[in-house]
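Chains here go by letter, A, B and C, matching the order in which they are written, and residues are numbered from 1 within each.
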Amino acid sequence: MNAPLLRVENLQTHLHLRRGVVKAVDGISFEVHEGETLGIVGESGSGKTMTCLSILQLLPTHGGGKIDGSVELDGENLLDLSEDEMAERIRGPKVAMISQDPMTSLNPVYSVGDQVSGPFLYHKLVTTVRDAWAAAANGLRRVRIPSPERRLKNFPHQFSGGMRQRVVTAMAIACSPRLLIADEPTTALDVTIQVQIMALLRSIQKESRVGIILVTHDLSIVAGLCHRIAVMYAGRIIETGKVRDIYRNPQHPYTQALLEAIPHLGQKRTRLAAIPGQPPNLMDLPTGCRFAPRCPKRMSVCDEYPSATNVGDNHVVNCWLAAKH
Amino acid sequence: MKVVFAKGLLNALISILGASLIIFIISRLSGDPVSLMLPMDAPQSAIRALREELGLDRPMWEQYLIFLWKAVQGDFGQSYRWQVPALTLVFERLPATIALASAAFAFSLMLAIPLGVLSAVHRGSWIDQIGRVIAMLGQAVPSFWVGLILILVFAVELRWLPAFGAGGVQHVILPAIALGWYPVAAQTRIIRSGMLEVLESDYIRMGRAVGTPERLLIWKYAFRNALLPLVTIMGVYFASMLSGAFVVETVFAWPGLGRTVVEAVFSRDFPVVQAGVLITTILFVLSNFLVDLSYGLIDPRIRL
Amino acid sequence: MSVTSAPAPVPAVATSGVSRFTSRLRLKGAPWVPLFILAMVLVAAIGGETLTPHDPNGLNLGAAFKPPFWQAGGTSEYLLGTDNLGRDVLSRIIAGARVSAIVSLYAIVFSGAIGTMLGIIAGYFGGIIDTIIVRIAEIKMAIPGLALALIFSATMDPGLSTVIIVIVLTYWTWYARIIRSEVLSLRERDYVAFAKVAGCGSLTIFFRHLLPNIFNTLVVLMTLQVGQVILFEASLSFLGLGIQAPDTSWGLMLADARQYITYAWWGITMPGIAIMLTCLSSNLTGDWLRDLLDPKRRQL
């Protein structure tokens, strides 16, 4: 088996606020291979977005965040690099990110051409501004935006939501990164546009063998693009495995509840299934299993944090129920 | 855009008209406008002629229309001190004031922009603190006093710069600083808070995520967005500058409209005061109008 | 919530604006130095002549141009030095504080009352009344402050009352605009609508519901205006269009001292520092009050 493109080991991102320490990401480990898509699934507050920001070291400047652990990309630990090195070498050429809200991801007062051509210049893929704009036009073409040369001069507000997300994607893949992080790329979009964006990402992956981390709270879109899934809860990964295994044989009660919650046609229930209770306070976490307070299958042993159990072909879960069998 | 232009122009005209009415009312407040417009030793014939001309025996609204009609033709009466039409004198002195106000404005931006941006980028650091102190002090002192202190330090003690008059670039430095000092505080604050907000935005993060150099991120991509709230209040501070020009020009004996009007008040040369105030008002209203138009330049969302 | 259920009880607006103000007032973190300075100005204003070490108008040509006591040639008899007529600078500053306080008081009360009244009327009644008032304010604001003062002073005799009238004419719009937007937002709130439905007359609504809520804003505005008024009056007096001799004003002191700038630096420095400290105190206190009473407007 070839070496992973990205290897995250015991990543911890703690936010030191005045009121206390928020353990947004509390020791997670995972791998992503070339040409593979890993889906990170969880509720809001589970730490999925923080994980993405930690890989790129893009935490809010005044949030008091500290990142520990290791994030190895092609064998190089990104956390050892300085901010300048990250900006010059990593962000753009090696790793790039697409955010959730296309309405706010683009600078409203600069043209699309200005923004998409930027990365080509910063990372010296071209030498002149004219070449950069030509490359930007190609980029827009690649993400299937019609009449790219004309549209370069337009401003973000002149594009629809789905189009804007394509523009953002073009910016992200401009320098052909090895890893693309997509943080809920379709949450703010129409269902029909969602399908298109997913298809776009799939085709990009086929062309360039880029590794993708797809972050979402919506398990229903995961199946189309992801090869493997990691389920996050309260800052930790509680189950990972191949998409098929997770869907067919979810082990953790939380994963099971997430799958239950997806509404499908023909289902007999009329009320949407929701998971009762609230996620824990990230400043004051219990020592045992963090899902236990809401778990319908809770046992007394759950007061101790469950260790990892291998239940199949690369299918790992942190739950005492699985450990029992 | 055309709608914005037309609407703005209409508002400007209404404001100017209304201001002319206020000026007219004030000029009639003393009860005897003729005594304001003519020197005390004017002959009876001149007094009678003026009464006739101003239509003082007609009803008020007619007098106002006469006033307006003459104003539109540029006739504000004669400056009896200088023996030229009041408006001519005003236009003669106006360029100097515009030059001073522009220099002052440039100075205030030269100070406020770096202070504001750096305060935001280095939030909480000593730069931020110093910026805040400067801003605070700036708003607590009258511009004429700043002028006096500047004269004391730079002209009297150090003898680096001249204390009065106009002539070369060195003459405009001290007055421009004195005049431009006051808005620095508010401008810095607005730029700072604008930048703080913009720096945390998604699009800046996106820019960072594709490796945009930090300097470009701050000064090109973030700054332009932070400019918008600044442009909003520019108009207000231009007003305070036109206001301040009256005193600063007096302190530095700057040969502009401000000093001319102040002197006219003391020499009871009312036509000049009237013309000067109206022209200042028109200048102010027009500059506000231009500021509104300039939104379109900065924010493409408002264009077309 | 179903239509048949009872509406939520109307909050008792019986808590007066004053008690709401005092309950939010927290003495911790108060700007002590600015408050102290403002208190001193007030004391100087009330105390008047009794507090001055010398007669502010007492001429003593033999003691002219004495520097402050820490400089060579100065004495502790004239702590901040004397001016060209031998008058004690410190005493004149204290006397000037009196004028500043009086002008501030009248100006704030009158412009505040007029501005607030117009703001409430405009905001509450809306429609054409609102349009007219807003338009008048806009037109007035088209004339820069000092310009208005100048043309006014050209027709009226300069003096204390003229200064106050000019300040009122200049600053009423300040209050009117802010109070108007406060009233506009209050008007949308439930309890005013409820009171209307319950049959309260306009006047009742005004006094019992609107006024207490704008009280906090008014306090902040008035505190901030002290500094503005002092700056304005100083400028007017400096030009010679404000306070006239034999009354003392800080601005007037600066005008007098101007010609002797080359050999009496304290003449133009001391009154200016007095202006600066007072204005700074007013601004800081106003900001503190604003943060305290209206967290929405807190600046980063």
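Rule of thumb we're sticking to: contacts are C-beta pairs under 8 Å (C-beta built on N, C-alpha and C of every residue); 3 or more make two chains touch, one makes a residue touch a chain.
In this text the structure is predicted, and so the values were computed from the model without any measurement.
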Viewed as a graph of touching chains, is the assembly arranged as a line, ring, star, complete set, or other?
line
When all chain pairs are ranked by how many C-beta pairs they have in contact, which pair ranks first?
B-C
Gap in Å, rounded to a whole number, between the CA centres of chain C and chain B:
23
So what's the Cα centroid distance for chain A and chain C, whole Å?
56
Roughly how far is chain A from chain B, going centre to centre by Cα mean, in whole Å?
53
In their shared complex, at which residues does chain C touch chain B?
135-136, 138-148, 150-156, 227, 231, 234-235, 238-241, 251, 254, 258, 261-262, 265, 268-269, 272, 275-277, 279-280, 283-284, 299-300
Spell out the part of chain A that touches chain B in their complex, as residue ranges.
56, 58, 60-62, 83, 87-88, 90-93, 96-97, 99, 101, 104-111, 115, 118-119, 122-123, 155, 157, 168, 171-172, 174-175
Using the touch definition up top, name the residues of chain B that touch chain C in the complex.
11, 14-16, 18-19, 21-23, 26-27, 29-30, 36, 136-137, 139-145, 148-149, 151-152, 156, 189, 192-193, 196, 239-240, 242-244, 246-247, 250-251, 261-262, 264-266, 268, 270, 273-274, 276-277, 280-281, 284-285
Report the residues of chain B in contact with chain A in the complex, numbered from low to high.
123-124, 199-214, 221, 224-225, 298-301
